[in-house]
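Same chain, two partners: subunit A is paired with subunit B first, then with subunit C.
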Partner chain A sequence: MKKTLLLTIVTTLLFGISCTKKDVSNERTLNLTVSSKVKGMDPIYSNDRYSSNEVARVFEGLLEYHYLKRPYTLVPNLAEDMPTVSKDGLTYTFKIKKGVLFHDDPAFPNGKGRELVADDFVYSIKRLADPKLQGLGWWLLDGKIKGLNEWRSKYAELDAVDYNEEVDGLKATDRYTLEFKLTKPFPQFLYSLAMPFTFAVAKEVVTKYGQELLNHPVGTGPFILPRFEQSNKITYTRNKNFREKKYPCEASEELKVKGLLEDCGKKLPLVDKIVVNILIEDQPRWLNFQKGKVDFVAVPKDNFDTAIPDAKNLSPEFKAKGFELLISPSLDVTYTAFNHDLELFKKNKALRQAMSLAFNINDANKLFYNNTALPAQSVIPPGIAGYIENFESPYRGTGKAADLAKAKELLAKAGYPNGKGLPEITYDCPASTVSRQIGEYFRKQMAQIGVNIKVIQNPWPELQKKITNRTVQTYGIAWGADYPDAENFLQLLYGPNRAPGANGSGYDNAEFNRLFKTASVMQNSPERTALYEKLYRIAAEEVPWIYGVHRQSYTLKHAWLKNFVSTDFEAGRASYLNVDLKQKAEAKKKL
Partner chain B sequence: MNIYTYIMRRLLYVIPVLLGVCAIVFVLFNLVSPDPTLIMLGKHASVKQMAELRAELGLDRPMLEQYFDIVKSAFTFDFGRSWTTKQEISEMIKAGAIPSLTVTLPAFVFSTILSIAISLLVAFYRGKAIDKVVVFACVALMSISSLAYILFGQYVFAFKLGLFEISGYDAGFPYFIPYVLLPILIIVIISVGPDVRFYRTVVLDEVYQDYVRTARAKGLGEKKILFKHVLKNALIPIITFVVIRIPFLILGALLIESFFSIPGLGGITLNAINSSDFPVIRAMTVLSAVAYIIFTVITDVLYTLVDPRVRLS
Partner chain C sequence: MEVVKEQKSKNLWQHAWGTLLSDKFAVTSMAIVTIYFLVAIFSSLGFIAADWTKEIGPSYAPPSADYIFGLDIFGRSVLAKTLKGTEVAMSVGLVTGIISMIIGVTLGGIAGYFGGKIDEVIVWFYTTFNSIPYIMLLVAITFILGKGILAVYLALGLTSWVNLCRLIRGEVIRHKDREYVQAAAAIGGGDFRKLFLHILPNVMHIVIINFSLQFQTAIKSEVILSYLGLGVQGQPSWGTMINDAKLELARGNWWQLAAATLAMFIVVLAFNTLGDALRDALDPKLKGK
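Our next item is the complex of A and B:
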């Protein structure tokens, strides 16, 4: 009896071990990983990069970023061409592509996906504005499309929303023509149309699935997901009815040299299947990559020195395994914000400048970013118009004795010689280990000039609440670009945007506000860039924040993964990626 | 008292307990928890949209009305949808419970059997070298952080030696087995230290009782005394210890699920707490309370089965 039981257990275990589902087909499969749970597949709720990347595999928008052009350039996706814009900059007219089909789904007659029409965009954008749905991307369109805010306000009071009621600024003028009328010139409007919030959904699908839409994604995109389940894995298959969309044949000079045009003219998508593995922790992500179960991975901080010992080149051991390293700057900025509601900071520019000079950014870069980040001089990151190459802020602390001397001088000028009379200042940060370490570093740096800092850690929601309620004094945070325009960064210092808007520090400078207001409605032009640069200089001189760094992304990929480029806007990237199956089979033998 | 009457009476205690749980959850949510609208809207939150969202979520209604909503959902088990993922909570729980149980249940069964067996063994050799070695080993096992076991196990056994899958989970039998073996092994190692110490104390409390001396005087062998008499008498504290832990198995093992990418309830609960997803927090709390009460009743009933002297009243 005992022997039988033991035998049964052992047999079950061995059977189980041999039961891993193996990919035995000859399919080209992308094995990707994300570090967070994916919320769902409804475009209007895709407000984090993880959800928006997943949404963009199934759904599509009017525009997208050219895959191989830098600086980032918008190109038509479901639009036939870029829009015609009226002289006053208020009316945008799009022609949409003909013959684009939604995925097959029981929501359509006979289960066959119907053709996409201009009305689908009118419907999808109204969904984003629907007060009952509370779409998380409403901020994109709030106050921008003529009549849309009124439509939203009207139905907020009523029980049901009427999508048939016409909105003056959002019309399908014929089956394939879409017209937007804006309330005021807003050139950044086009970026909205490349963001998953505004991607096309079909009314029939929404009607059929209702609130369950987020589990039944039906778009026009290159991949199909029959049903979304909140699990540890999402598996997409290629959309066999996907339209004739081709891999680009032109690229920016820096991308041409990397052999990224080998698939020029090939029909997209280039792979048959995508498996997205949700791996929240760094270690399993890193180990799975090394075993070849994941095609690319961001190098975890704890493994950085092993993988990239000199912060520039991959270790010989990893090179031998066929790994490749890609380094690219991110459109972001880290910073320590002052609460400008407090008289202490609001009226005392010298104090802010002194604290900024006392903060040694070079050592911070070594300690927290493996010396890979670029010290920020002001608010705009490199890679977008408005950033001034080689600009050095006079208040950027670099650890030199002269910086400290000047910081002490400024502190005395501020009325606090050697910190005397200055109360203890709190520094709030998120609850992660690295954030606490950055907080401790900040405390130590400020102690050099006699400024006492108390570090307070908060769970992320609590920190957000404190910033909104203005109960912080200083706090450490970062901002990543929503779209590649300096306006997206400068708005963080625009007075009327104060918290709970994007301007968490509450900085309010009349001259800055005036220039920003002018620049934000200008079309991309040398004049607008000049204004952006002026704002950049004001932000450096005024030190509304202590600037941190612009981070760089370090990605390791397997050589079998083709056409991979680093990007700040990953939505839609998967359809351009390719897998060399032969190379993969060879490489996996070494892993 | 009839056992069924007893069970019914005890189950009626669910009502006041649930009312209390709802009140505590409600008060904590309103006093301590950050504004969920701020979290949901993220970095682009505006005062107007926060107010609209609060209205849509029903957070602008009178407090009493909101409390009754919670009570209603607790008694009907209709928890609605998650605020952050918009998923049906009952579906989330159904989907998460099985993966959690495929790890925690076998780990619990194995660690309990192993721990009881080891404690009987060391009780048999009490005071001797083997007893001391086991006690020392238990303390040593308990002194190491569970994170260390996870990191080491994953790196050495899965990555270096290739004995197990590094992480992942395939739903359905037998596909999940390769993925849960290492997590189960790690949980067993983590649990065995404190469990053996507890069971050893329980068994040792019994071995000095009069009936053991009587059994020895009658000439019964040590094995028979231990397995037939001592174990039976030690069952009451063992049952209490074991049964009360069962409800928590459903809630999953947070760190293990996170590192091994197992889509269980542990991760769902943690995400809900981090995002102030009140409906999910409420559902998990209510379910835990109900499960706890049910298993307490089961414990009481089991007492009467293992020890006829225990009467239900």
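Our next item is the complex of A and C:
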């Protein structure tokens, strides 16, 4: 009896497997990975790179970056054209594309997605400002749209938020016209409309799913995800009703090569399906890539020497397998932030400087970035105005004996000679092995001057929560640019942006705030760059964080993946990518 | 074992000791366990492996005459880390064993001895408790205490007493109506005296056997927890070493993995062998077989 039972189970299993193994050779599937758990699919909560990239597959915004133009250039996405701007630079008028449909979903009458209208943007941006929802991107628009702050604070105390109340600076003047009025000139405003925070959601969908929107994304985007689950795989399918959007036919000079224009004029998206594998650890990602199960991958530090022996070219063995290497600097900065809510750090600049000096960035670069990164002197990465070439911060630890001596001196000045009297300081980091190793390295470096560090590992969403709730002392994290402007980095240290805003460390310096406030409303000009540079110097001198590095990305891709370019703004990239199925079938034989 | 005062019991222990010593495997295991304990004690006192944080050579130096087990990413001695990891492992084993012993023996004894409603409540309690996986409890505890070795002690200790409790309860039920207990009652011994001074020494062998097996389970659990990043923080543990190694293997660095697994393998094997030998020596039912 037992045996038969077992046999039936086995046959069903086999049968089940053979059933699921459909012939999928004609389906173009993009296989991607993400190195962290994804929080959810609600645009207003997508404040990390991982979730915002996912959000941008389903939702869209008014603007986006031109896929093949560098320096980064904004182009209309859901907007018909770039906006008309009034002479005083305060009123932006957008025309919205007609005939754009939301995904089909039971939230709409008859389950058919309705047309996108200007009101949807009014609604979505109000949602970002909704005091009850505590959207994590509010810092982006805080104080910038006329009447929106008043609307927000008015409803912070009331029980229910009224979205019908008109906000002066955020209006749909007709079905397809959207008008923004700003409180002051805000040159980065257009960038914020290319960020997932401001992407369009439909009111019906929010009404139906409420908080569950996190798991039921319904947008206008090129891909559909009926339900998001906290599993290790997210599978998107192509949106069949996607509007006529074409692959671009022009590119910057440096991107005209490499066959990037072959798909010129083709209707997007180019693939039928995206499978995103959540692989937190490096090695599974790397092995999956080598087996051809993932289309591209960042080279893990432990495989760097075998893959790229001279730090420039791919090893012959990998070349033979058809892998291609892309190297590009990223607009980012890694750092260890102090929690400035704590008197310990807030009041004690010397302590911060001492800790920064004790941290040997050169060794960290060797251990964790294969010596390919650029040690950061301050908050702005190279490649955007405000970065000062060859500037060396006096508080940048480089492992020299003199640095350590100075660190000890400063520590004594801070009131803790050789760390005496200093409590144990916690350091929170994400849960992966490399993050822990960085934490251990930090601990080791601090031990040199007698500062005791305790490393605590957290799952990524929990770390974010801890930072937002201010229950950290120090933590290791990185910031990637949301838009190519130094303002995006400097605002991380702007006092009024404190968490839940982007300023997770809670750093608050009157002088810095004043200068930032001035610079943030200026148009791109030499004067603004001068101010940015001043802020850069203050941020170096004040050591609100211990700066890490500006990274370079080393990406390996399979030759069958077409149209792939490195970018700092990945949101929306997937719709441009293509897969050459024939090439893939052949290449996979060799793997 | 100072509760054992009667002449008769002493003979039992002496007898058991003799049996144990005549078993070569048991003696070897005991020696190994003793060595591990000594290492743990010395390292906690700072005599050995105190400088495990020190950088003594280049990053990832392979094993050689200078560096017996090679070096890790920061150029720290893997040997020193392994020894320091012993301290964590042994302390987790010991504390967990003690916690589970205290709870298990007390509750098991009370349930078995008093029976009735008390028994029902305790049985209900431990069956409920037994359904909590230790990782869940650990996560809950870390919310209160923060991550660290204390949380590991508590989580493992609080989830591992149920087996012992069951055994003790059953054994006490068997013993509580025996003549020697009735004799104790006849000369005026109270419940407490009967239970803890008369019955307990007679079921002590179960506690000892269980303790030695509990010990190695706790060590293994600690390694798993630390591997997952839920265990000890900022201190070397065999689990974190294996976690490091999973990346290093891609570079062909096997020594950290080897050192940690070897250390764990030996001590777990020793405890298992010892547990079996103790059972042979102490369980009256296995006598002469």
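Please note the rule applied: the second predicted complex is superposed on the first by the 369 of 591 C-alpha atoms of A that agree within 3 Å, B and C clash if a C-alpha of one lies under 4 Å from a C-alpha of the other, contacts with A are read in each partner's own complex, and residues count from 1 in each chain.
Quick note on the criterion: a residue touches a chain if its C-beta (ideal position, glycine included) is under 8 Å from a C-beta of that chain, and two chains touch if they have at least 3 such contacts.
Bear in mind the structure is a predicted one, so any value in this text is a computation, not a measurement.
Contacts of A:Trp139 after superposition: subunit B is touched, whereas subunit C is not reached.
Of the two partner chains, subunit C is the only one that A:Asp305 touches; subunit B does not reach it. Using the contact criterion defined above for the overlaid structures, shared-chain residue A:Glu281 touches subunit B and also reaches subunit C.
When both complexes are overlaid on chain A, the residue A:Ala405 reaches neither subunit B nor subunit C.
Of the two partner chains placed by the overlay, neither subunit B nor subunit C lies in contact with A:Ala585. Put simply, more of the residues of subunit A are touched by B, taking subunit B and subunit C as the two choices. When the shared chain is aligned, no partner comes close enough to touch A:Ala320: not subunit B, not subunit C. Subunit A uses residues 281, 283 to touch subunit B in one structure and subunit C in the other.
Contact residues on subunit A toward subunit C in their complex (touch as defined above): 281-283, 286, 300-303, 305-306, 366-367, 431, 433-434, 436-437, 439-441, 443-444, 447, 453-457.
Against subunit A, the residues of subunit B that register as touching in their complex are 33-35, 38-47, 49-50, 52-53, 55-56, 81, 84-88, 92, 95, 151, 154-155, 158-159, 165-171, 174-175, 177-179, 181, 258-263, 267-268, 271, 274-276. Within the complex formed with subunit B, the residues of subunit A that make contact are 12-13, 15-21, 37, 39-40, 42, 45, 47-48, 131-132, 134, 136, 138-139, 142, 156, 211-212, 214-215, 229-233, 277-281, 283-284, 287-288, 290-291, 293, 459-462, 464-465, 468, 479, 500-502.
Put simply, subunit C touches subunit A in their complex at residues 53, 55, 59, 73-74, 146-148, 229, 233-234, 240, 243-244, 246-251.
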